[in-house]
């Protein structure tokens, strides 16, 4: 049992820190969830790629550094510590790519991953539909087999940054007779294909960060299928597992947000009474607890013990920590909390944490049934 | 809209205060949930009765003062303010008596109520059974009609102070073919009847405050039926309505417990930092909010608007307030919280609040379905 | 002792609700985000009903009401998220102007011709561009016309309640424009009325969000059943209702305390005010968080109306003292020591 | 970097669990409530395993382990609610005695012949009647034999952890009996080890209560289905599990921090210790409240074993700093100001 980093890991950290210090834009970019801000963030993504920091854990052949999970964690810590921009390529790199590595053909990997790493292809997620939100298995978008490929029709919605992306990955019902989790297929769809219409719409915080994607008899070739026809549910669940767990929200993010919270607290000593001081400390402690939990989890992962349903615990924990952090920041800001700036935006965004990537209600049910073994009867 | 008391009400308050000041024992009695303490409390009950303060809202003929609901609230405030003993007759006076007033025959009322008021008959509640706790309708104790009366058999449990009482009221299945809420009858059972065995057992706090009551072919006459054969569920629900609502826990109780909490806080100024001070204040504020809520509710009640399912709100509110109050007291006591005394006992007792009189989960479901109108499908 | 609403309260609230149902649906609130100059039509309609001048004596053109009389109607203005400084004008400014003897402006308010917002010391000012006058409420209380006000608009979380940050006047340590007074009771009682007026609006906002959410979860189906049939959703919403139901009487009691003690001199009044604002702020906050969560992604969508009411709730909860600040004040009024 | 348990940790913990499953079931904990003089048999068995002298060097008859090595086994002693001062003896007293050069008593501890409890200044002392010696841990650190101790037993919430309130020695502002030292580092590090040892026990206690509850709700049927199939119950228990799972690594990290900084001089060590105790106390508290609630009236019954573990959890959460006190200390270690 040892919580110290090796010399190599420390060297990796130093290299990352040096590069980030030299390259992170001095002034924060405009929000990547607006059209203008997205363009600025794309430039940053290409800078990252050129420095070989876009996808550190990927093979060098695809633009990565073959970094271990430990090094990935270190990079994430340094990334947030440096105040580097949000990753607008996140949904491709953290959600689609693990699925491609696990289920993609060699050709799919060789074609798609380098373009994704270089932010040439920009991927958005096509899970939710108007009638299928937390209940993903209720989706009705359909895929009909035709000569040489498939015709896709239906509507996806709440697609993050969909209006700015070039490609969509998502589930479609390929067997019209099927119900629920069966008969689904995972497709990779270019958004410039004929029959695709994308309409951006605003999130709670006003940014046009969502989109509806309408598919009207869109042709895609057979190579657009990921992981085999009819296997969509299994393939997609592998992705949502990584989404809710570690890779979506690494500890570095919360170590940094709670550090900023303490900075804010130091600017408002007159408000550090009552619950507010204890909440500032509590958030800081939870960030450290999350880091330690993650170190234990990664210790298991790198020695071959899969995380499984336990990754639901990560999701519940970080989403609640994020709300606590921002709620406390607003308490520190008092009447200024009504001003639209990074803390109030962050608060609004934090409220989405218990919703996206599977609501926390669903995560709690997963924990209760799959980790604690409680009976599934009833809801 | 007027929150001031009339001259008559103020006079009533002054009279109550004067009597209580003169009569409340100077030293706290031992817990009424132990055999020795119960006896001491019985003496107090008889003192109350002699002063005509045992059942202020009852008719004078039964030992009361025909007090209005307002005066009852005032008396409760004064009662707790004076630090008067717990009411070991509570289950009879506050749970059975309202049912007797609503459903009892004149003869039942004339026979039972005066003896209850005088603490000659001591009533305990026979709802729960080993297999029927929160799911009361699952009860299996049965009543078989015989010549001139009924034979009762079965087992009741978690009967508060059952080992010290003389009578039990409860539900029995009088129609053997019936299921769930149907075919139940409300019976009044003397515990000295042949075939009754009572075994006291300890609560969480160690007091022998619970009992199991075994009934083996116990004969009761037809006059032991309250509210008609087969009407048990409806009759019992009227009782549980008063239990969870106002009459079980009036605001005076929490105004006093939070006043004592502030006294404790003043003794521990070194601990009034962080969440603790805000929690002390929060508990005090909630006690006042509960008082105001109650005044609004009673304003409706005395002008003919029934409380109905809204009384579930009272139950949730006071039970959570009680836990907050005691949890905060223990935080103020620090390491002394491990000592067995009134605050640590009170904390343990407060944990029962969300359980008895219908769990808070059941209350929340009642509020959601009957007040908010949410659909009943699923659980 | 009778804590039911009076006939007058019920009628004024009901008339206000009818008016706002017709004249201030969500679409009007939404559109106001692009109109920082205000909603003149809506203000005129509110003035016809008498709300801005409700506390003005009848012989001066007002309704001659007490604070308590007005609160249920203010709750309705919260429910509708009225995008205008009705609490600031009717409840905060009018008594200050009347005490200072500015009969002209009082009459203009009652006639619907003046809109007065209030700038608390150190806080952003709401609806400054829509107001004809601004009361600066600090150690010194003074009155500026909008033309005299120097300040910069800042982006607001709630776009239908635009904010201005003042420059030199922010601290209010001296008089700017017309002096309204420097007696501590002036500012203290005005702040108390502001807190209670906002508390009433917060209760209305919470009720609106709750009813939107109940309707949504009863209708929306997932996993083959209405979302509202899940126990977790039911229990969240029961807790939200509980918070709202317990806030309402606290707000009315604070109104009665202020009517009995208009200079807010007593510790009991301070407690009543703190209870109202803390309880109503927490209720609105709990309801909005619950509402967003129960809606799933829909609640996180700008095009859906829920967010208009949620954001107004966040803005009002932060104004005139947060819940934590009011709890600290309640503790002080109880004589509870503060320690490290 | 490898945060998995070592072979040694796993084996010692597993041997401890096997021993306690056999020798310290609930019935033994329950019976100990009537035996304030202690559980000599159980202590001998723990000594045979080496736990009391685990930190004693091997050449002095101990196991020569580090704090971290011992924590998983201490977690097991928590899970079993061992009714004896094992944390006090093994983790708090042994290093103090060794530093003071009391080789004789150290050897007696390792041999299982001495049971040492610890009296923190101003707090009740646990298991004083069962101990052969008592360390007074205040500004002055000193050692008394049980015969020298003056104190009165007081009733304890957890009857299997009897309490004594000291008389004159309570403040520990001077030495009583044998002097062990007055260096601030002595007391500071001893308090840190006590907090971490109790945190480990609290995690074990929380796990025990959680497993009792999961078993109960899976089995108990109400409304025709297992209680554990209700969403509300599932979600309560998921939150409880979450608290436990996040406490465990925090406790182990505090052990590592103390092993690297045995005098607990660094702010990082202070933070690690505070995190461990606060997180473990809160986890045990949440689990016990949840467990009682999920059991219904059964959880409120003395005859049912759950309460033994719940009460021990409450006692340990209150000892050596409450969660709130440890949060305050963590904030201080971060340099966060304290204000009124």
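Note that the chains take the letters A, B, C and D in the order they are written out, and that residue 1 is the start of every chain.
Here is the rule we use: a contact is a pair of C-beta atoms (placed from the backbone, for glycine too) under 8 Å apart; a residue touches a chain by one contact, two chains touch by 3 or more.
All figures in this text were calculated on a predicted structure; none of them were measured in a lab.
Among the remaining chains, C is positioned farthest from chain D, on the basis of C-alpha centroids.
By number of C-beta pairs in contact, A-D leads when A-D and B-D are compared. The centroid of the Cα atoms in chain B and the matching centroid in chain D are 38 Å apart. If you average the CA atoms of chain C and of chain D, the two centres end up 51 Å from each other.
For chain B, the set of residues that touch two or more other chains comprises 273-275, 277-278, 361, 364, 378-379. Residue numbers of chain C whose C-beta contacts span two or more other chains: 225, 230-233, 235, 324, 327-328, 338, 340. Only residues 120, 122-124, 154-159, 161, 163, 221-223, 225, 230-233, 289, 292-293, 296-303, 307, 310, 314-315, 318-320, 322, 324-325, 327-328, 338 of chain C touch chain A when the two sit together in their complex. Of all the residues in chain B, the ones that touch chain A in their complex are 273-275, 277-279, 378-379. Chain A makes touch with chain C in their complex at residues 128, 131-135, 138, 157-158, 201-204, 206, 210, 273-276, 323, 330-331, 333-341, 344, 348, 351-352, 354-356, 359-361, 364, 379. Of all residues in chain C, only 230-232, 235, 338, 340 touch chain D in the complex they form.
Across the interface of their complex, chain C is touched by residues 1-6, 9, 70, 262, 265-266, 269-273, 277-278, 280-282, 284-286, 288-290, 292-293, 295-296, 298-300, 303, 310, 313, 316-317, 361, 363-365, 367-369, 371-379 of chain B.
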